[in-house]
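Below, chain A partners chain B and then partners chain C, in two separate complexes.
Moving on to the complex of A and B:
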């Protein structure tokens, strides 16, 4: 059997295999599921940010038409705590007691025959509070602050001495507003109990975790819980936890012995399913006047909800981003009376990248060096923390190719040197070194008598193209056409998979599929081991290849037979094989497993009098290892770039003085619309990664990371103004 | 439809995707919820329920509307078309094919609304340039950020079938899809 990695970088730009379903309205998202006799739930949320519930009057709601029950902390049964996951503990259950820890905390759930009845009755629940002063704002001195909360702080070299001895001593502070994920699909949970087992359609990026969470909370074996998410209306990290509303829907269905559907409203999407936390960063960098970076010290503070946990490792990427001899990072986490933050596409990296790449731009101006040249001079030829060679690193190619496509060499260095009427024009760039992450994944592959394959895995396709790349990879490994491969995903009963998150699923799943396909071919060869009528009799895996639906000798394609012939002759309906990939690096590995790299270039137009910023061009060159599908991969990157535009210019979740989110609608919280996004240029460079068999590195997030800094640097180039606070709204430019 | 203030119910008849449907509904039911919850047409999506995202766009008497801001009670005797009606006789609409070819979606949740707005746009001949498409489509949000591909898909179809329009002041704005 030939290895998958044929050395070519770009996989065929196959159309999505789920495209037909999605353009016809036939793809079933969690909110699309209904059952006969289903009841509908509506949430009641706290109108204060801190304190306790003094009284809760449900009488009016209970007598309203169609109301079946109202669940509050006074009648909710005690439930077990949710489990620890690989991204931290489960959310706090809000109906455990009468305490209020944030505005918008669920205080009751009303269940009625119809959604209209539930919504109306929810307004009839009367809640009185003993209000306390909320602790708000990332810099609030009253906020309890955790030091090194993720255990990820690092240090090498004598940073303080190196900083003190540097000719150029950079020391600046950056701020980022909280952002809200806002997937277009309202998060929904549909729960149905039957004979002590529960089936849950939930807006989850991680069916295996959702199953584990529900099983733990309700004291069930995991086999009694089935979570289905064949399609998800986006997540961007919001689907990486089993949130309290999902637990409440499952609970309501158990109490009523009826299926229950709960769909969050858009305002509830701001308070119920996480957000990118507000953050402050201080970055100190020492450099020589000829552009050698000597030391970096990066301190970052993010926020979490009171009595909650969130991992926002903002400084994580800094030590290995450049070849600085000395580097130290410091992480802080402040607890506030806010809805708990959570992961939002490129958590940590997005914030850290903004500060780091803005800082490099500033240093380049201080020493009079082209910003791209400064990055090339400090390129990390080997992995800085370990000194090991990278498993792949085409960052230099990213810079070169991106600069060529963008036309960087024609850029005048001087700020305010480009103008088009009232519009000041500027160009900026940023580099990205993304961290690699992946977790254990399993998959099952089978081939039946029709010669077609079926791949099954619990992981979800949140729009990234998982269905399609899985089919393409299985087709390649089994010598089939893509049309001959069916893929089943998003079902916790299928082989275990990690989250669709952290840019880790494609890597892990492709490894599992590769292993399963190998085991399947071995099973076919085992079947004909003593079969006199098979030209493959007694052959081993390394002697054969697969093409055109046939297994044949690698050195003699005429000697072979197709899958169906083998199954037929041996009276088998199908052969099935399991595969598993543990992508964690083994001890003593002689290379440093790399994540993706990118160089990103932006051109902006800033209206000199009005301060309006428009992005006119945006280009990315990305090293994501082997790209399984050029079309869906490009889509991943442009989508990430669009999120980056939002982060740079538009997105800000505004908390008022009372801790209420003042702009919790899509009319008030601005995300990029069609008119905000120009044509986007994407190029893939590099080659297959050496650490894993398929050569894949994740690419779901890398495209976000450099965009805010590239835009901020372009704004500086256009206006001479350095903005270290996101989003760059016009008030900051006037 | 007739709405009774004593029963809180509304009755009437709507043509949905060419088929007459008699309805007897809670008068608070929106056109969106009527389609999704009462007629089983879940292709139309609810992204905000506030008229801000465009995911629920359908055609009401040939004009694009956000169905979350229309009450079912307002639809008596009127014609509704949803994403489920775009493909005819098992053949995809050219826009559907172009969305697939250009990868004009990722998660796919906003896609039905994007398609219905795009169909109206072509009928109104408002696709003469990428910028015109961007402006006209800006009521349809896509959080996955597929915008450049959506614009390319719409422009592709407009060029193919000559419905791009000249973008001039005479361009019809109320044409049926």
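Moving on to the complex of A and C:
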């Protein structure tokens, strides 16, 4: 059959196939779904961060116009615990008892005929608390701390001895403020029960997990739960759990025996769907004066909610980022009275990358070496932990191409050496080695008598372009035009898929689609195996190719026929095939499966008197393996770069002394505005990966990781000031 | 939810009569303040909204060639394009264009801008118990909060809520006057007297009585030889309130300052006229040393917290930067 690499469709900057629907309002997001007789829910949240509910008075709410019920810990039925997932246990159910573990914990849900009635009545619920002193702040000595909470600590070589023997002994501490994902689409759940089965429209990046969670919690077989999320208004990791508000909406619908819709408010988005945790990192590095990195010791502490779990693998990328002979990592997780954090784009990597790439910049100045040269000298030619060759690694090309496009070679090394009037100008860079992650995925592909194909998979398109790349890939594999491929996603009844997260869906899904397409072609050949009127009679898969909607002999394109002719002649409406790919590396694999790599370059302007920082240029060169669609891939990377600007300069979720988030609106929590974003330069380098399906490496997150350090390094180059605490607000530079 | 009556009268007298007759009524102008606080945050309660959007209070006129009269319902976007504002009041234009977003400036009115409520998240979150502005006598939660976007001048432990208007900063510097109409007739209030320092009653923010509305703002034009500038400093490049801002209009003759008008934003519980600094600059050479001394005077006796302490230095530097720019342009 057609080799994937020979096609013309893959990689083309095809417009999003769902673009027209989206811009014309035709794409239904979870909050767009409505049913006749649907009721509306509004949350009541705790106004203290720790303690117990002393009394809860719902009388005023219950008599308010339109109110149907108020659900609290006093009348909520006992529910089973949610399942363990591949990113940790399910969130704690907040109405299990009267305990308060964080400010903003849901304490009641009011259900009424209209959203306005529900919201109004929610303000009438009177809650009194016996308040306890909350435990807040990542360094709080009262916080219970887990050691090696993810089981991911690693060690090779004698790190302490190597550090002690090093000419250059680097030892610094970094702090990063908590951040909040803030997808534009407010998270919503619409639940409808019918005959013991429930259909749930939920803002999820992972329909299969949502189905499993709801089934487990409500004691149902998974077949009795259907989760639909064909479109999602952004996630950035917030949709990787089935959050308590979703469980409450499903519960309310069951209790009322009516469909229920619950849409979070923007302030509730800050307390209900996770955030990037606050973190502190200590990084010790030993180096020689000629720029050889000998050892690294990376310790990181992140926060979690009390009685909750979150995986924030900050140190994970460090051992394999450079060719250091000795490396050790230490992970800590401090439990606080805060809403549980969750994944936020490049969880762990983004924090670790900031510390690591800032540290390399500092070391380059201590030994008087160009920061890029220091990275080249310590480039990991093979995978450092295993000594195996990488399945692909174009990081050197990232450095080279990025530096050329940015004009790095013209940069004077001395800090404060560039100036434009009152503005100090600085340039900095960072490298990125991103981890590979993928899980088992299934897909179904069919072709009907119109010669068009349908691809079906439970995975979601969270705005990244999954619909489009899936159509391109299927078109390529079946010899069709993109317009001849329809794609159905975001439905848990469809073939199982992992989350749209961890930069893993494109990799997993492309493997499944490739397998399904191959099986489908095999099914067509099986159909004509004994068909005297078919030029493909008795042929096997490796003897044929597909082009122009036809299967034909690879060595004689004139000998073949189209899909419709085969189906017609055999009285078939369609042929359907399933595909599955387990992308896990097998035992004894002779290469190390690689994730994406990148080099990122920033230029900033810092107002010498006023401390204002503006990013004037930002460039990324990315090795993401095979790029399936140059346009959506670029959009992924520039979106990630904007997130990196926010992380570096603006974003901070401010907890006050009472554990309340003091800036839980988009007016107060600053994300980059257009004026903060310069022209963003993105170049893709490298080629198909040797191990991953279709040669793909995920690129959903890599574009964030180096940006904060590149900007902080540029601020240092501009001002001579090293800022190890994000965000770099102007007061830090006064 | 509570029933809300909405009316949209055509005349000023009718609008005033509607609000005056109903203790639960409020005027609705551009909408940002009133609708956010009422519907989204639930921190104010009105039973009637009197939409004044149709009243004939838009546009500008020039009185005796010396005073620009601005209708209270003129939008920020329109005022920024006004030819007199462009030519004679460049720092008013700069302040307008530095405020809000394009979408908001197309809707927001000048009267509404003057009467915008503070963005203090302790005031705007009804679940916070301590807020003297919302519930007098309950204390101030913001003073133990992150308090980055809060005031350091005219502030004390009872209230640090910031008056966030950009436009008001040059307007107080210019001695603008507010024309007010109410059930008792018309009156004129200097903008510097229009706002009330929080003191012991942070809930009282201005001198308007119930049923009184701003109909016009009169802005005396500075001398033709005056140069002016508004500089707004913030972390985000656009669509953020000022951490500090400065408005200055200078008349410099032969290197000597003949007249100075100065005001600060982002630091005061009210738009902050820097009167003492103006006095210090009048008649002295336009030098950086003088500017710095004046800036120190302008920031005298601040009430700072860990989160706002940086604003003392930032506001001084902002004012000095504006003055130096103006002096440079004059030389």
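One rule holds for everything that comes next: the second predicted complex is superposed on the first by the 728 of 734 C-alpha atoms of A that agree within 3 Å, B and C clash if a C-alpha of one lies under 4 Å from a C-alpha of the other, contacts with A are read in each partner's own complex, and residues count from 1 in each chain.
Here, a contact is a pair of C-beta atoms (placed from the backbone, for glycine too) under 8 Å apart; a residue touches a chain by one contact, two chains touch by 3 or more.
This is a predicted model, so every value here is computed, not measured.
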Partner chain(s) touched by A:116 [first = chain B, second = chain C, both, neither]: both
Which superposed partner A:689 touches (first chain B, second chain C, both, neither): neither
Which superposed partner A:476 touches (first chain B, second chain C, both, neither): neither
First, second, both or neither for A:312, with chain B first and chain C second: neither
Dominant toucher of chain A (residue count), chain B or chain C: B
First (chain B), second (chain C), both or neither touched by A:397: neither
Partner chain(s) touched by A:362 [first = chain B, second = chain C, both, neither]: neither
First, second, both or neither for A:610, with chain B first and chain C second: second
First (chain B), second (chain C), both or neither touched by A:25: first
Residues on chain A lying within both footprints (that of chain B and that of chain C): 116-117, 120, 665, 667, 672-675
Chain C residues within the chain A interface of the complex: 1-2, 42, 119, 121-122, 125-129, 141, 144-146, 148-149, 233-240, 243, 310, 313-314, 317-318, 320-321
Residues on chain A engaged by chain C in the complex (per definition of touch): 45, 47, 65, 116-117, 119-120, 123, 267, 422, 609-612, 614, 649-650, 654, 656-658, 660, 662-665, 667-668, 670, 672-676, 727, 729-731, 734
For the chain B and chain A complex, residues of the former touching the latter: 26, 28-29, 33, 36-37, 40-53, 55, 82-84, 86-87, 92, 96, 99-101, 103, 105-112, 115, 130, 133-135, 137-151
Chain B contact footprint on chain A (complex, rising order): 15-16, 18-29, 31-32, 34, 114-117, 120, 182-186, 231-234, 236, 263, 265-266, 462-465, 631-632, 634-636, 638-643, 665-667, 671-675, 677-680
